[in-house]
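Next up, some structures in structure tokens.
Look at the two complexes coming up: subunit A is in both, with subunit B in one and subunit C in the other.
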Partner chain A sequence: MGGLLARRLLTLPFVLLGAALLIFLLPRLAGVDTVRSVLRSRVAEAEPDPEAAARVTAELGLDRPWPEQFLRWLGHALQGDLGISFATRTPIAPQLGAALEVSAVLSALALLVAGIVGIPLGVWAARRRGGLADRAVTGFSVVGTAVPEFVLAPVLVLLLAIAVPLFPATGWGTPAQAVLPVLTLAAFPTALAAQLTRAETLDALGRPHVTVALAKGIGGSQLIWRHGARLALTGVTALSGMFFAGLLGGAVVVEVAFGIPGLGRLLYDAVIGQDLPMLQSGLLAVVGVAVLAGVGAELLQLALDPVARSEVGA
Partner chain B sequence: MRTPKRLLAAVALVGLVAGCGAATAPTGAPVADGELRIAAQFSPRSGYAMDTDDAFVVAQLGSAEALVKAGPDGTAQPGLATAWQQDGAAWRFTLRPGVTFHDGTPLTPAAVVNALTWVAGVSAPPRAIKGIGLRAAEAGPDAVTVTTTAPDPILPLRLSSVNTAILAPAAYTGGPPSVIGSGTGPMRLVTTEGNQQATLERNDAYWGGRPQLAKVSVRYVTDPAARALALRAGDVDVAQGLPESSLLEFTGGNGYDDQTVAAPRTVSLMLNEKGAFADVRVRQAVAKAIDRTALAEQALAGSALPASELYGPAVAWGSQDPPPAPDVQGAKDLLTRAGTPQLTVRLQTYPNRPELPTLATAVQGMLREVGIDAQIQIGEYGTQEPELLAGNYDMFLLSRNYLTDVPDTGASLVSDYSCEGSYNINQYCSPEFDALLAPLGTITDPAQRQEVFKAAAAKLNADAVGVPLVHSQENAVTKGVSGYVVDPLAKSLITPELTRTS
Partner chain C sequence: MRRALVLVVVLVLVAAFLPVDALTTDLANRFAAPSLAHPLGTDNLGRDVLARLVAGTRLSVWFTLVAVAACAVVGTLLGLLAGYAGGVAGQALQRVLDVLVAIPTVIVGLVVAAVREPGLSTLLIAVLLTGWTPFARLAYQLTVRERAREYVEGAVALGAGPGRITLVHILPNAIRPLTAHACLRFANVLLSLAGLSFLGLGAQPPTPEWGAMLAEGRQYLFAAPQLVLVPAVAVVGVALLVTALGRRLESRWSSR
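After this line comes the complex of A and B, so read on.
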């Protein structure tokens, strides 16, 4: 596993560099007038003002050739200086760090809920294949994957903040405020984890050695958890890395609906305001986390699954 | 069979709890030293920088104040300055005595000069003071002199702009000044957490009297449905800018008070006079084809007011008249006389304001009735603007605030409709109209200026320069709050009079 980790970590800088270049070029290739967008993000209905535009262009360094802009940005980023936000004119790193922390907590809690709820539900459904429990879990999975967050969020607020005022409807910072956003964000991965676990468990239970063991009367529950759930866990683990990065940057709907100052909302605002340094740094952070989470999930999967371990020679 | 019983019991419990919550009867008595929670519509986007629109947020929070306040009739009223007088290109402002900043330092001429010099020197100066060459200097122990390149008849009104608010000298340390504990307003900004929330405490030394509220917490909730839900859930006492559908939930008692006021914003159909709409008869045909009352009351479900001209009831000089009734046959006749009985055009707009695509669809249907095939194109405003200003479009649906930060529309008339205007999307150029605006360079009296604004709006209607469709409205709903007034200019929210009620 050490070799695999080394190989993955060696490729990481190249992946990040490629991503950084792409992220840097995309807004420029889209033909958006960055300075005009920045001015309009500061004053929404500002009339065009060539003199102000020229001053802001020079102030932001946008009058330099783009390769020079990129290399300067990259050089500073390598030294930990992510630059100044076009919008707030304050350093990016603290803003990005705070937003990343919020989204990481939100995403991790959502994945935790998905694991704690989804995996046992899947195993439970597999043990009662064709029964009421199985149909209920399958139904929940279908609903959980089909209902979008912008529908689920207000439904949960209506039920758990208004009809029964258990939790706040908006905000972030207290455990109570985290409940509804986490439940909203966890619905999809929970449903998927339950589906996946059910399928993997059924597949595992159908394997010859498990069938023989069951026929010999070797403990039902223990056998299912050892052979079924553990295999299912490897599949869920593999998915969790991908999910974590996706949730980290993609929880825009939940963050906007509940007023959470996370990375998704930060990136959304950066896109609207053409805050290029913030957008570049934020997306780079998401890509970096995605790669690292993928490696982490892969290592965890190897630790859990001896078959996969033997396949990679780890 | 046990599960359904439990379910029924749970449902009954839900109803019971919800019912208990609704049973509390408010007395309406003011709560001493109360705390208020607000779900604000607009969040700071530029780190509370005072040279940006975030200055409106700071002003609404009751934290920072300018030298001058704008009265509801569009006149300049005393703020941090108590009096002013003009001498050519210079205005002398006498400062209010006994004012201290939230950090305890006194309001001095040096502090005012420092603040005004900073805002005048930023790379993109705010609209209210752009291009006038504003300079400030101390004028004795209790006054400042503000000079402009040319005599400016509305300088006091310009200095009512929230962008010209005066902060304590310690706030200016390079870059945008810090607004934490540096204003003079009734509430002291204590903490800000990005664009998520802010907390404020009472300024006991406020020059305008001790504020009723002891503490205010503001959450910036940009999603309108989420603001409505937060109010329903009791998370907040005030929710700004609710959608019309949600507003209906809060009318008719239940302890909620809703206020809706006209805003100085008009949605207009811009018509390219250097393109498909060069002929005034074609423009007039478009104006006759559109049923503006139906747009406001049906397409937008009453969330806007029908417009009869550029200015609406939000300003003293605005029209209160109903719009002309649609005249389909008259429109067809005009198109026939113009030699274009059938016309195919592009109708562009942008989605940032959700009412615009709705209006575009409704307008498309109305124009079809008279033989104009309008093909709708919706895209980001920023990518369309260069083509609009270059005159490469047919029709454009635009939402525009006609007051550039101050209760005077002279600057926006020049930028939007004069021959040399920097934002003349209609491509309108009329020497008569420019001559009409010329006296605005010297008229000081607000009443006389407002007469010019009225005449300008009438001239724009006569020349069929675009079609004003609807005027926007602002609203807010409160529960257990007294003294709340929706400010159509979005400059005021937390005032010394605002209080919680039991």
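After this line comes the complex of A and C, so read on.
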């Protein structure tokens, strides 16, 4: 086997290269005439002048074979040169950087809420298995995973911005403006974390090492947190892909619904505005973040789980 | 509980076949309160909200059924074959699934909408691109488990080929967990459909679709909150219901 991390690292270059190639080929799949789009983004002219078209073609290297174009494009992207947006006619990299920062803050806050609320809820439910608390938490996690962001966003706005005007309904920048989007985005990971933690803790509490700990007289909270919850947490991090997909998909909806200038909003605007260079750059960023998140989760799991550590060593 | 479940499933199916007029506008009668003529009131163009809800149910149910069925067939076949072949094919499938699990349908929907026009066919492609993976994973795991059984060994000894063994011998033994899983996926696909339509990438106005209705109603949240609440309750209600059904089937069929 060689361990999860080793396997992932081994396939990583292929995944990255494949994703980059797909992203590069996107305008061709879309049947977009790049030269025309570029000219139209520079001068508002219906029929481009053939001389200018030939100049742009040579300038962008579009007369070269496509593998060469791909390598050149990838090289530029790796050096931070992502080209120029069709829509704003300004370099993409700074816009993308700003959007990434906003989305990172939004997702980190949502994950923080999920960790602080979801994991203790799951442990609590597992300790009172079958009781009222357990049923309440299970009910919450079922509803929380079934209510999508596009429903939760307007409902929260209705409740906490219109019926009881506590928080602003749109915008980004002040802490008050962050409350509704973070709550909306946090619902799914919180419910998922509670559900997984409950299941994993119950499973862990049935293991021999917990019985041994009980026999040694370790009881109560110490047992739950040191032996049960720790094992549960490794199960939660193992499903990080689900969390990541949930957060990323949710971020698009949340950022559009609340008017937040993040990565999801950038991708959405790029699609609506047919801004292909922006879309390609945004997708490259998504792939990069996905890979980082995956590797980060593996490392976290190694830190938490001695079994996984021994697998890597073997 | 089971009777309630059956009742609501029947209601949804009836709604799926009920003829309604969801498109006629009546500008003199905008934002009307619920009445006998319009049990759930009217929307910003004076259209009957109940009629749009029913028509939206029809669209959602049919679309989701088609999409889930297609995902189930593609995913199951790939999972069966990779699981039976094992080795490189199995590893390759698992690596592909590892990558795809981290890509949300919304992002795929955005990309497909950039390549094509936004619309229902775009939506179907986006759902298919991500939706086959859970079926493939489950079918793969089930096949790996079943492959070790004696009846497969017997079939091999009798000279059956891989196609016959997977489809005639292994698939019937894996069909129940896969069916239960399809119910769970139904809710997921339903929400993807509504979510992408909410973003304007799926069903286009004036098509009555729950997500599109939500997006439209959001602009009148202050004056007419029911325009958001009605489709919200519908989409969450159906999603919860189908999930409950799937869980029930799963726990019943996995215990045997």
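The working rule: the second predicted complex is superposed on the first by the 238 of 314 C-alpha atoms of A that agree within 3 Å, B and C clash if a C-alpha of one lies under 4 Å from a C-alpha of the other, contacts with A are read in each partner's own complex, and residues count from 1 in each chain.
As a convention for this text, contacts are C-beta pairs under 8 Å (C-beta built on N, C-alpha and C of every residue); 3 or more make two chains touch, one makes a residue touch a chain.
Bear in mind that the values here come from a model prediction, so they are computed numbers and not experimental data.
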item: First (subunit B), second (subunit C), both or neither touched by A:S37; value: first
item: Touching partner for A:L158 - first (subunit B), second (subunit C), both, neither; value: both
item: First, second, both or neither for A:G294, with subunit B first and subunit C second; value: second
item: Partner chain in contact with A:E59 - subunit B first, subunit C second, else both or neither; value: first
item: Touched partner set for A:D49, first subunit B, second subunit C, both or neither; value: first
item: First (subunit B), second (subunit C), both or neither touched by A:F70; value: neither
item: First, second, both or neither for A:V256, with subunit B first and subunit C second; value: both
item: Subunit B and subunit C contact sites that coincide on subunit A, given as residue numbers; value: 154, 157-158, 162, 256-257, 274
item: Subunit A - residues contacting subunit C, complex; value: 8, 11, 15, 26, 29-30, 142-143, 146-151, 154-155, 157-158, 162, 241-242, 244-246, 248-250, 252-253, 256-257, 267-268, 270-272, 274, 276, 279, 283, 286, 290, 293-294
item: Subunit A partner contacts - residues on subunit B that touch it in the complex; value: 13-14, 17-18, 21, 39, 45-47, 49, 51-53, 123-127, 130, 175-176, 193-197, 219-223, 225-226, 229-230, 232-236, 382-383, 385-386, 389, 400-401, 415, 422-423
item: Subunit C residues touching subunit A - in the complex, by the definition given at the top; value: 95, 98-99, 101-107, 110-111, 113-116, 187, 191, 194-195, 198-201, 211, 214-215, 217-218, 221-222, 225, 228-229, 232, 235-236, 239-240, 243
item: Footprint of subunit B on subunit A - complex, ascending; value: 31-33, 36-37, 39-49, 52-53, 55-56, 59, 85, 87-90, 95, 98-99, 154, 157-159, 161-165, 168-172, 256-261, 265, 269, 273-274
